[in-house]
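In the two assemblies presented below, chain A is common to both, partnered first by chain B and then by chain C.
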Partner chain A sequence: MIYLDWASTSPPDRAILLEAAELAAACYGNPSSTHRLGTEARAKLEEARSRLALCLHATKEAARGCIVFTSGGSEANAIALLATLRKRSHARAAPLHIVASAIEHAAIHEQLRLLAGLGVETSFVRPGANGLVTPEAVAAAIRKETALVTVMAVNNETGAIQPLGDIVRAVACAARELGRATPPRVHADAVQAFGKIPFDPLKLGLSSAAFSAHKLRGPRGTGAMWLAATLEPFVVGGGQEGGIRPGTENLAGAWAFSNVAEQAVTSLASELQHARELEARLIAGMEAIPGAIVLPFGRKAGDTRYSPYILSASFPGLAGEVLARALSDEGIAVSTGSACASNAHAKERRVLAAMGVPPELSFGAIRISTGTLTLPADVDRFLETAARVYTRLKP
Partner chain B sequence: MIYLDWASTSPPDRAILLEAAELAAACYGNPSSTHRLGTEARAKLEEARSRLALCLHATKEAARGCIVFTSGGSEANAIALLATLRKRSHARAAPLHIVASAIEHAAIHEQLRLLAGLGVETSFVRPGANGLVTPEAVAAAIRKETALVTVMAVNNETGAIQPLGDIVRAVACAARELGRATPPRVHADAVQAFGKIPFDPLKLGLSSAAFSAHKLRGPRGTGAMWLAATLEPFVVGGGQEGGIRPGTENLAGAWAFSNVAEQAVTSLASELQHARELEARLIAGMEAIPGAIVLPFGRKAGDTRYSPYILSASFPGLAGEVLARALSDEGIAVSTGSACASNAHAKERRVLAAMGVPPELSFGAIRISTGTLTLPADVDRFLETAARVYTRLKP
Partner chain C sequence: MDTLYLVKLGEIILKLGNRKEFEDRLKADLKRRLGGALKRLELSHGRIALEVELERAAFVEAALARTPGINGFARAIRTEKQPEAVLAAALDIARAEVAQGKRAFKAESRRADKSFPLDSYGLSSEIGHLVLENCPGTRVDLHAPQFTIHAEIRDKAYVYASPIQGIRGLPTGSQGRGLLLLSGGIDSPVAGYLMARRGLALDAVYFHAYPYTSAEAQEKVIALARVLAGYTGGLSLYTIPFTATQMRIKQKAREESTTLMMRAAMMELAERLAFKIGANSLVTGESLGQVASQTAENLRFTNSRVKLPVFRPLVGLDKEETIELARKIGSYNISVLPYEDCCVLFSPKHPILRADMTRESGAYEELELGPLLDEALKGAERKAIPFSVPGF
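Moving on to the complex of A and B:
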């Protein structure tokens, strides 16, 4: 199978998974236990935490902020969103407002829709046709009672890299103009950014960021959260992870995550170059397929506003699902946007719709995403097959 | 190290962990992806789910209800508790009430304390001096607006097996007497029960139950929830696990969990016999240590109201932490109650206090918990060491 669905999940690094399983078996104490087996496990866990923190910052001296291990990117995002409810419980009458991009992952979008039923209001900021949310649009949505701003680092369907540094500054400025003593927290879902493009949450001025191990060839069920300062979690329990994430610590997952993260960060520049080459090949090839359209319109190879690892394209007249299925039959794995959305709202193309892509084009869209193991020949084989299938099946 | 802290976590089955890591590497598609790699992973995940469901019921025909994989027991418990908030959002003005035992694990107890700040009221039902919550006491706490009853299956400090079947019936009866059309849901934290003592949530009449893989020699970061009928979750996202637990499915974790569960359930009777023998040895040995007291008072070997895997004992005049640390120095791992509590409220002995154990005794309490790898000689070595350390350190 030619795998071009890396944004959904990545083929794990087998050696790292096996090493983590051996660690789990050998160093099996509960890190919260006070006996020797517990303290040994705790030491390993803290080593994993430090190593992951170092992966997030340009210099060792800057490895500040706190890393909280979670069960995945979704949970890390939920922690950031639900923390706003704690604020609410302290000042019950106060209205609560969140600003989010309209193109967030379901882990954020669906949670915000649910919170609306509890009286938490969200302003969804639409991106431009280029898939980018502007700092101005985010700033305009800030209110006196805005508790949180959440904008993803890299969109999982278009690869659009959101201008987080500028957004943080614009939010702070808007809050000042409203006479607020402190700006709202700014959270970033960074599961498609960390380990793939340069990403330093401290430098960006973020309050928190969410990461996922399995996007980086690590295990499922492991994620992490970077926090500039601690927060008050809504889901609590045994006090693990500084009280922010309850549940017995998954040492093997944390260990494997720090290993894949180190590997990804160490080779980030060369991998990015590799991805840029594949992107150029993909976009040129797509432009050569009569009728096929790269999304967002006019995205060119080498445009640094997009992650080269992710590309959307439309094959008008042919449903994305049908094309993806036909490609799967030919041994090629691509997706129609987020795998997570395939459960909930299969037909909805929310991200593309928010960008103003007309339904007849979003209907025909697929997402191609590459990774370290992707070869130029894989891209060629995809292009050749997609062209053939499209010619055969299009109306 | 002689490991007598199995209730905190268990030494994983290395072969099962390695097999799961190999599966993760080979069958790496996202189970929610529609391409072939996704559907292959989905098939494996559903196989794991079916196998786990069969472990929960006496007969294949009874394997009803729904299994939801989670990141652990804590998350499964949180799902059950937080679902009550959805009810609330639908009828904002309605008061919300929960009944819980006073001896729940921190994953439940701390969450209920936090929800109090959101206006969710909990009645905590104290157990008797024997550590058992009576159906009558639970029934007496039921109100017209009670949305949920939560009582653990086996207490993690005393091993007391709560009479869940009788509690479910008493709750239903109390609800009827209050003129309610439907009784409140009854949830059970069953992480110390499943795979250790016979446990059939359907037969008990439960609405939901929470399980943890790492208590059964499985991986950390994996748990499950049994549901008699679906519920409305409070934390949502990509729609995975029937919409009840968001996040990319952890196939390797689910697979390993079903494997360790099958192993545990298949050998349950013989393991229980083994645990009873160790319990008898432990209790007899404890009674022979001058001053040491088995908790709850008067617990005898072979009493089927207690899980033989868990025993608490007090060494009056010597702090439990000090004894546990001294034992650790001698190569023996025991704990002072829940490892989870060691983060949050180290000094609090909430469970023992709720049973009416006086502070001077709960202060000196440790928990000894055994498992399939525990040998009679391990118990002897613990008893001999504890007696020696106690004689040396007690006032």
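Moving on to the complex of A and C:
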């Protein structure tokens, strides 16, 4: 199978998985236990934590803030969103407001819809046709009672890299103009950014960020959250992970995560170059297929506003789902938008629709995402097959 | 250990000359469905007494509740035709009901054997007295009883309470075999159920347009066929590859008539398959005016491609009624799964509402589907869906 669905998940690194399994079997003490087995496990866990922290920042001195291990990106996002509810318990009647981009992953979008049902006001900021959310648009949505702003670092369908540093500054500025003493927290779902493109939450001025291990060839069920300062969690329990993520710690997962993260960050520059080459090949090839359209319109190879790992393209007249199925039969794995949304009932393509892509085009869209193991020949095979299948199946 | 069920037959008892044929069909059908759970089956005077394995009573009840030709059934006690024995059984039955918290009751008796010393009225009042004396808190309520104790004096005496409703209708196969056009939607499984109830043995045909329709859509149809199999006593599901035909229609037909042409081609294929498998009729889930292809004019056109009778039991139902039936038979939750059975790509924005027979017949001929339909039929795959009931 030619695997071009890395944004959904990545083929795990076998050696790292096995090492983690060994560790899970050998170092089985509960990190909260005070006996030797417990303290050994605790030491390993903290080692994993500081190694992961170093992956986020250039120097050891800058490795401030804290890392909390979670069950994945979704949970890390949920912790940030749900923490806003704690403000409610303090002042029942006070209105609560969250600003989010309209193109967030379902882990955020659906959680926000749920919170909206509980009376939390939400503003969704639409991106431009280029898939980018502007700092001005986010700032304009800030209110006195805005508790949280959440904008993803890299969009999982278009690869658009959101200008988070500028957004953080614009939010602070808007808050000052409203006479607020402190700006709202700014959270970023960085699942498609961390380990793929340079990403330093401290430098960006974020309050928190969410990561996932399996996008970086790590195991499922492991994620992490970076926090500039601690927060009051909505889900509580045994006080693990600084009280922010209760539950006995997944040492093996944390260990594997720190390993894959180190690997990804060490080779980030060369991998990014590799991805840029594949992107150029993909975009050039796509432009050569009659009828096919790269999304967002006018995205060119080498445009640093987009992650080169992710590319959306539309094959008008043929449902993306049908093309993906036919490609699968030819031994090529791609997906239609987010894998998490393609299971759902939703027929509309939320992210593309928010960008103003007309339904005829979003209907025919597929997402191609590459990774470290992707070869130029894989891209060529994909292009040749997609062109052939499109001609054959387009009615 | 075995337990006994008394089964009340449906319309069969109204049949005159060929009643035995209907009864024999039902007996054979019950034997097939109940398999090893059935120990003994006796039919007399419009009742079937079934002795079944006690451990499999729940399965037997689920199976009986889905078998066409059965009005109702109840777990019963069979005794000798002596008043003492009947009364003792009635008290046992009453105690079981009272244990479930029921209090208000009545007794109903039928005496087919007039040599029994008590008449129906006498037996009912004896039962009533006995229960009132022995089960504290009970009271007689003739109008709104919480349970009814039935005593029937026939070849033997049968006593039971809380009969379970059957689906009525006629025994499977008594009306021959029909072929159901089964899609993944809400309507066609309900149509199949309704015609199975009318005594049709059913097979089903599904038109698969891979890759335009997904493997999941096909799995969904198989799941629906499994639900239906509980009522039909098992069925064969035929999958006909439809992609080439669909593509030809999309390429050559006028856009507004694509759905109509597709329906006509499906009817034609279904009929050819029906002849092959010995089915005497087609069954569809169409309902008058529900969608564009189901107006009288359009039904006339699609119908004109076939000679077999086409049964459309939903023709006069509205969607709400169909959905209610779909929930009842257990197909609804499967039908509403998101996998599309007919790709939006092929549905025109403004379909024809009233087909002109001459024009559309000509247009259909011009598509020259003949060889494609031959190929499609050759590619039909049969999957046996054995009888089963959910949970067993």
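In the analysis below, the second predicted complex is superposed on the first by the 393 of 395 C-alpha atoms of A that agree within 3 Å, B and C clash if a C-alpha of one lies under 4 Å from a C-alpha of the other, contacts with A are read in each partner's own complex, and residues count from 1 in each chain.
To be clear about the criterion, contacts are C-beta pairs under 8 Å (C-beta built on N, C-alpha and C of every residue); 3 or more make two chains touch, one makes a residue touch a chain.
Just so we're clear, the structure is a prediction, and the values are computed from it rather than from any experiment.
J.: By the touch definition at the top of the document, which applies to A:F234: first (chain B), second (chain C), both, or neither?
T.: A:F234 sits against chain B, while chain C stays out of touch.
J.: With both complexes superposed on chain A, which partner does A:A140 reach: first (chain B), second (chain C), both or neither?
T.: neither
J.: Under the stated touch criterion, which partner chain does A:S335 make contact with: chain B (first), chain C (second), both, or neither?
T.: After superposition on chain A, A:S335 lies in contact with chain B alone.
J.: Which holds for A:M1: it touches chain B only (first), chain C only (second), both, or neither?
T.: The answer is first: A:M1 touches chain B but not chain C.
J.: Have a look at where A:A284 lands relative to chain B and chain C in the superposition and call it first, second, both or neither.
T.: In the superposition, A:A284 touches no partner, neither chain B nor chain C.
J.: Looking only at chain A, is it chain B or chain C that touches more of its residues?
T.: Comparing chain B with chain C, the partner touching more chain A residues is B.
J.: With both complexes superposed on chain A, which partner does A:A129 reach: first (chain B), second (chain C), both or neither?
T.: neither
J.: Under the stated touch criterion, which partner chain does A:E321 make contact with: chain B (first), chain C (second), both, or neither?
T.: It touches chain B and chain C both.
J.: Go through the superposed model and pick first if A:A24 touches only chain B, second if only chain C, both, or neither.
T.: A:A24 sits against chain B, while chain C stays out of touch.
J.: Go through the superposed model and pick first if A:L393 touches only chain B, second if only chain C, both, or neither.
T.: A:L393: touches chain C, not chain B.
J.: Can you pull the chain A residues that chain B and chain C both touch?
T.: Touching chain B in the first complex and chain C in the second, residues 321, 325, 329, 344-345 of chain A appear in both lists.
J.: Spell out the residues on chain C that touch chain A in their complex, using ranges where they run on.
T.: Touching chain A: residues 210-212, 214-215, 247, 250-251, 338, 343-346 of chain C.
J.: Of all residues in chain B, which touch chain A in the complex?
T.: My answer: residues 1, 3, 5, 8-14, 17-18, 20-22, 24-25, 28-30, 32-38, 71-75, 77-78, 82, 85-86, 88-90, 92, 105-108, 110-111, 114, 117-119, 212, 214, 219-222, 234-240, 243, 246-253, 321, 324-325, 327-329, 331-336, 338-345.
J.: Which positions of chain A touch chain C when the two form their complex?
T.: Going through chain A, the ones touching chain C are 317-319, 321-322, 325-326, 329, 344-345, 363, 393, 395.
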